[in-house]
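One chain, subunit A, links the two complexes that follow: it is found with subunit B in the first and with subunit C in the second.
Showing the complex of A and B:
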């Protein structure tokens, strides 16, 4: 990955290499989904297939439980996307709470 | 951290921002988002919208380590601040 400050409008996130692979997306407000990347654009609108959502804790929306909800084919609107990362290389810590 | 003095035009804010990001690239940073979550890792790329790509990222929630990521992309509209870590 090339390091640089990139003031141009071209995207710094090369999702091309993640096409067909499983990625994790977090949204403003705490929602989190995981699925296979099918498409994307410069606004970070993202299309995921075989998507599952991690249900959030009732008391603290930033914490997710072990429950999941199958969503299937999903379009994630870019303006609400907070974070994107590949699922491989993702290492959850033992529950600190 | 030693701050280098620059004689660039002080009215040019993007130049100051540019210099700060150049200084931080490749080095550990702390990024705090609007909802209070902190991400610590190696800063790889920053663009004009303050979109961020980080490596070896750790996510801290209320000060506690929650998850580790290899690569991580943060969308710029959520960024509250970027903080450079002192040199080791």
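Showing the complex of A and C:
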């Protein structure tokens, strides 16, 4: 196999480097939260602290508004985690195309 | 040409991923696995109506939310090459490895578990098996054999989850 061969159990997601940092998590269904990564497992279940959920537009749930909802300490179930990214270095930009 | 081998070959290339919710992610494919979970870096995320854009340093996307991935054309040639090299290495390896069957200590199947389910239930019924009621701290998955004896013949032995016959004097739990 190639050098990138990954034993099945291990996730390709290296959350270790984000421990204690703020990350942004999107869920299937459209919810989006950000919080400080406290822990995780190989199923990508995630515990976040000081979590804030981005409130979405009532008419169009795809749009997130500036409004936030404070959730505190939460456990995110891995099966519904769609996307994970560090908050740092994540910003809205103008059309690059 | 398998979809996932194409994707694997695409590692290190710029790809475009569209999710089921319509968002697209353009970025460098860093890593992927057998579930199509992917790691991207230097990503540009585009909203469904392609009216909003975000720049993201790196992100992880779960495979089952992906609608499709578009890869650059040159990957197709690379896959052919890679498949060829894989085939030759497998052939070489296959010769030397033949007949080894399974092994490599992967735990895996087998009966017996510390909870006393499965065959036998630690209730002095004699019979076979007798469960392996060893200390439940050592999660004895796989083919048991966590205390020496590898496959009970008969009589007293401890720890084997595969009892042959006879009193299994293993009632410490």
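Note that the second predicted complex is superposed on the first by the 86 of 97 C-alpha atoms of A that agree within 3 Å, B and C clash if a C-alpha of one lies under 4 Å from a C-alpha of the other, contacts with A are read in each partner's own complex, and residues count from 1 in each chain.
Heads up, the rule we're going with is that contacts are C-beta pairs under 8 Å (C-beta built on N, C-alpha and C of every residue); 3 or more make two chains touch, one makes a residue touch a chain.
Every value quoted in this text rests on a predicted model; they were computed, and no experiment measured them.
Of the two partner chains placed by superposition, subunit B and subunit C are both touched by A:81.
In the superposed model, A:89 makes contact with both subunit B and subunit C. When the two structures are aligned on the shared chain, A:30 is found in touch with subunit B and with subunit C. In the superposed pair of complexes, A:44 makes contact with subunit B and with subunit C alike.
In the superposition on chain A, A:71 makes contact with neither subunit B nor subunit C. Comparing the two interfaces of subunit A, the one with subunit B and the one with subunit C have residues 1-2, 4, 6, 8, 11-13, 28, 30, 44, 62-63, 81-86, 88-93, 96 in common. Note for the complex: subunit B touches subunit A at residues 14, 18, 21-22, 25-26, 33-37, 39, 43-48, 51, 53, 55, 57, 61, 64-75, 77-78. By the touch rule above, subunit C contacts subunit A in their complex via residues 8, 11, 19, 21-22, 31-34, 37-39, 43-44, 47-49, 52-62, 65, 82, 86. Within the complex formed with subunit B, the subunit A residues making contact are 1-9, 11-13, 28-30, 44, 62-63, 78-79, 81-86, 88-93, 96-97.
Against subunit C, in their complex, subunit A makes its touches with residues 1-2, 4, 6, 8, 11-13, 28, 30, 44, 62-63, 81-86, 88-96.
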